[in-house]
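All chains are identified by letter, namely A, B, C, D and E, in their written order; residue positions are counted from 1 within each chain.
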Amino acid sequence: MSGLVYRLKDIGYSYPYAPARFSLDLDSLEVPDGGILALVGPNGAGKTTLLMLLAFLLRPARGRLEFLGRDPWATDDAAVLARRDAVLLTHHPYLFKGTIGVNVAFGLKIRRLPEDEAGARVRDALALVELDGWEGKPVSGLSAGQAQRAAIARALALRPRVLLLDEPTANLDAALGLRMEAVLREAVHAWGTTVVFSTHNFSQASRLADSILYLSDGQRVEFSHENCYSGTASTDGRTSWIEPKPGVRIVFPGETRGHVTCVIDPAEIRLVAADGGGPVPSGPNVFRGRVSRMEAMDPDTALVRTSGDLVFRATLPLRALEAGGISLSREVLLTFEPGSVRVVGERPAEAREPS
Amino acid sequence: MSGLVYRLKDIGYSYPYAPARFSLDLDSLEVPDGGILALVGPNGAGKTTLLMLLAFLLRPARGRLEFLGRDPWATDDAAVLARRDAVLLTHHPYLFKGTIGVNVAFGLKIRRLPEDEAGARVRDALALVELDGWEGKPVSGLSAGQAQRAAIARALALRPRVLLLDEPTANLDAALGLRMEAVLREAVHAWGTTVVFSTHNFSQASRLADSILYLSDGQRVEFSHENCYSGTASTDGRTSWIEPKPGVRIVFPGETRGHVTCVIDPAEIRLVAADGGGPVPSGPNVFRGRVSRMEAMDPDTALVRTSGDLVFRATLPLRALEAGGISLSREVLLTFEPGSVRVVGERPAEAREPS
Amino acid sequence: EDTPPNMAPAGAGRTLMLATTTSVDATGLLDVLADAFKADSGITLKWIAVGTGAALKQARDGNADVVIVHARKLEEQFLRDGFGVNRRVIARNYFMIVGPPEDPAGVASCRSAAEALGRIRSSGASFVSRGDNSGTHTRELELWALAGGKPEAAYLETGQGMAETLRVAAERRAYTLTDTATFYGLRGLAGLKPVSENAPEFENIYAVIAVDPARVPTARYGEAMSFIAFLTSPRGQRLIGTFQGQAGRPLFEPLAAVAGVDLAK
Amino acid sequence: MIARELAFAVWVSLKTSGLAALIASAVAVPAALFLSGRDFRGKKIVLLVNQTWMAAPTVVIGLLFYSLLSRNGPLGGLGLLYTQTAMTVGQIFLILPLVVGFSYTALRQVDRRARQTALTLGASRRQAGWIVLREARFPLLVAVLAGFARAISEVGIAMMLGGNIRGATRNITTSIALETAKGEFRNGVVLGVLLLVITLGINILVQTGLRGRDGES
Amino acid sequence: MIARELAFAVWVSLKTSGLAALIASAVAVPAALFLSGRDFRGKKIVLLVNQTWMAAPTVVIGLLFYSLLSRNGPLGGLGLLYTQTAMTVGQIFLILPLVVGFSYTALRQVDRRARQTALTLGASRRQAGWIVLREARFPLLVAVLAGFARAISEVGIAMMLGGNIRGATRNITTSIALETAKGEFRNGVVLGVLLLVITLGINILVQTGLRGRDGES
């Protein structure tokens, strides 16, 4: 199948009584059929809010939201029908009183599946989350991860057209977390499911998703929030800087004052081995660090995390690693152009809100 | 300071109405003053249960629990006093109705701190979780991460002797998760706090903790649950095997039947580059994979994750990486002795419970 | 309307709704009369027991076909307004003043009601009044007027029925005016004894009045008249006269059969 | 009081109050579900009116329906005054606010996520509503039983609208009132105890029937 | 009814029922807190008894205290019969199970984690209990107000234990009963409306006072 599952145009949403000024604003978002989209962003970015909109639990205040070519909000019934196709696994899911079996069968019963087919689906779904045989157990007294598994099974049992998942692996143990990733990929292949999930695990996002939507403060941003530093900017008129730690400066052009957040695209950071013998970079924005993690993002790209005064993440071609002698635990120098620093969230310091 | 904060001896606990047969049994556990202990284990292992025991919210059914040399269950008052010194941040914490400020000040009020000092502590704690200025905001409508931050601040504001944290960074964005790790280390240095936390993030555990307690099924185990594979064992009498995936066998000695879990210690896995030209390992238990992640665990040790038919984690000396030509994205062969496979959880298949 | 299977009388078609003053009901007299009336006429008597004032109000509202009351003034008003026809006196008993056994005001020696009340007032002893515009209350006020006015202090108004008022008087060691039927029908009034009775101004007359169908079209006049005829018949009068209730002594004196007592009385 | 009359009075009490509790709950529980599910302008006023209505004395409700049902009242033609139907109707209006208030509190106890979760799993609004009711079924049962208790124990409405007519509308409480008026306090107390025993029996039956094995309390 | 008498009746109603509601709540709310906080053997029976008690007719409670307080009863020496104190005592026993039941439902609404969280932050059992009450303060208020409404609207106890004595124990509901007995139905309705208006006023006062700015409902 091809085509679009969701088409969002100029969508806006804000909560009537919000603790913080927040509104979600998306110019456009298209989710292709059978794809996996990850939502990544800092706390309060609007990931959950967007998932609620995609699950038709919140109604956009403005803009156009199309689901499978139709307006899910045209009638009340339309929303119910749409929700049958797009199942949301909420963060910290709620389990109905009773047994795990009752919970997993819930959506199937609503869809009036024949009893025996429903039974088989329930068993299959429980097996996927390694809860086989737990059907008859009451939900009270489950551990955090067991509850999360039951809720995942409840969503998987429906084999829905679209699966929306809010931090699905946050409470799972590492082994099952990986297993779930495989299950999701499997669902895409076997049932043609489209998956949208939020995560704080950047590597999970890049491992699993076909595309990533970075959100920050309710806006789509083109950068990950990985290399984000906040501080009060000082300026000498031509350039400005923040000091995230005493003595450590991130410099950028222009005249800026007040509390700002600087973001550096991981692709804009150059890495050289500190003792590599090559030319030592000079100028502003040179940092010393040590490679603490390396990860293969796709066949050609590596994500490198360095620790030091500041933690940076940089992406670079796999080839460059070997060429530059970048390896685990190695001391490196990091550098980026002042011009590649994005300055966002320029706000007076007293009304500051967490980035 | 030195000495022990907790001393547990033959502790046992089980829930009166549990969905699964579960009991926590610990021969002995000693938590030294000023240390950081991580609890790691699969879902339902008993991490939360142990933290509740350490926070004196559950009372051990048997055994001896000493806190700062005293029995916290000697009297009702003793438990209250003990809880003032050992503050637990629960998983998915509850926020009292009202503002964030009211929440963060709660424990301080109970301890009758002077108003102005309490105010300063609240502001400090909120700054640590990057919620400065959010004091007056109502807790309703916080995002998952914002709520978690408020709860962390509420615990930090108390500067307790012991901080118990149940999956503290599960809902935090990556940046703040790292920041929290630093804050905890800071707490240990500045206030002499002892920290016990549970996590599913194996690297977080090894990064942060002085020691790790591996739990499984309520028991202390000596292995991490990283390389765990389950299946129904077949046997030819001399050796047995499971097939976690069709065609992929994990072989171990002895005659075993029924559903089992095999665990391989990451240190027991040898890695060689597939195209390294060296001798190709032969025999059972040879797997092909690709290095998907490398991480520096301590100055000398690397944790390598490989993907392939099965996902493995292996630890090896940093030197061995370079010597063996192991680098990111490289194809490798993994091998381990049948004798180093631990077989656990031998149970009849129908009563199987998730590992 | 539901009746339990075993209580449904054969051919229970015709019913009559009576609104009555409480004393006739609380003594149990109506239970006896209703059964006999049913046997005689086949008409089922239903009744609601409320105060005289409320009974007449019910009749005005069309919710009763016939009333049994004992307050001459209110009855006259009811007749004058055209709601009632065919008033017949059916029985009488007597009011009396009851009080603490030791009779602190020394009322027992008085010969008239007015004198007795005057003693009570001047002695400062407590008096409990019903204060509810009932027949008894109306009579009490008339008697006070004869005695020269109500006392200022030590005069309690309960605003309740006779039985409750008697209990208050017993608790408070006070005097009160009561009808004999209620007093003798009631148990557990050890704290009270009759101190003044048998004076002519104590007479208490019960009357039955049919609701005028000309004024209240829904009123079942035929059945009402049957009931009135029954009450004034020798059989009805005998039942009233011999009724003893819990007290073990006659409580009402049949009056309709007594010569010279009729509407004019 | 003879046994047959007593049995009849018990039957009248159970029937009128049982019906009143059922009908009132059929209105009150959905109303409470509606109120608990959303916040809207004027909701506070609705709750305030409900709370105030709880203070309506039985006599006042009795008077209200008396004037409606009385033969010369607007609904006099129905001939309902002094019938069990009138008692039931009056009791419905008496216990409605109690059942609404109690159910509202019971339903607020349900995690808001229950409704939402039902919706995310494809439930219609109605189905999601059922789920919320199911989650609160035990406290809702308590609310309904509280309404029943209020109805079966009240006397003012039974008296004014039923008339305490022997063999027709005399129930336990009006019998008690009559016995008390007669000074037969002992009979009154015995009847009162009987009423409580009957209510206890009904509570046990209904609660153990519905509670099932999850043993919630 | 003259204005002075009316004002006095209003005052009696407010005083006796207000006190009854306060005292009953002081017992009922802690009891409900205890019941909601833990599961113990026999808890179901306690709840069942409470639920049954709700069905106790006012006359029965009236009779009970009447026989205790009357001159030849065990507590006759106190001379409390036909006083406002007696009315208050009787009303306390009338509304106790209602307030317990309502509060229990209200307290079950509080997330169990609230208590636990308070404990983890160093609260004593008592302090943790306060927190649970604080979290449920609005529905608890509704419970207390429901008790007040029940007390101020009841007439049986006020009649039997107060005696409806003019200028001493006559309150609004006994006044209504008197007017109704007199056939002055209109006066009865007017008094009933007055009672409701007063209750409305009190509800508004109390609720807006306590609700504060978190606007919970």
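The working rule: a contact is a pair of C-beta atoms (placed from the backbone, for glycine too) under 8 Å apart; a residue touches a chain by one contact, two chains touch by 3 or more.
Predicted model only: the values in this text are computed from it and were never measured.
The chains touching chain B as well as chain C are E.
Any chain that touches chain A and also touches chain B would be listed here, but there is none. Across C-D and B-E, it is C-D that has more C-beta pairs touching.
Our note on geometry: chain A versus chain C, Cα centroid distance of 87 Å, whole angstroms. Centroid to centroid, with C-alpha atoms defining each point, chain B and chain D lie 54 Å apart.
Inter-chain spacing, taken between the CA centroids of chain C and chain E, is 37 Å. Counting only residues that touch two or more partner chains, chain E has 160, 177, 180, 185. Under the contact definition stated at the top, the residues of chain B that touch 2 or more other chains are 138, 140. Within chain C, contacts with two or more other chains are made by residues 161, 164.
Touching chain pairs in this entry, ordered by label, are A-B, A-D, B-E, C-D, C-E, D-E.
Within the complex, the chain E residues that touch chain B are 111, 113-114, 116-125, 127, 131, 134-135, 214, 216.
Of all the residues in chain E, the ones that touch chain C in their complex are 70-72, 81-82, 159-160, 163-168, 170, 174-175, 177-178, 180-185. By the touch rule above, chain C contacts chain D in their complex via residues 1-4, 6-7, 17, 22, 25-28, 31, 34, 46-49, 61-63, 161, 163-164, 185-189, 216, 218, 246. Note for the complex: chain E touches chain D at residues 39, 43-44, 47-49, 51-60, 63-64, 66-67, 98, 101-102, 105-106, 108-109, 139, 142-143, 145-146, 148-150, 152-156, 160, 172-173, 176-177, 180, 185, 188-189, 192-193, 195-196, 199-200, 203-204, 207, 217. Taken in their complex, chain A has these residues touching chain D: 55, 57, 76-77, 80, 83-84, 87-90, 93-94, 96-98, 106-107, 110-111, 138, 154-155, 158.
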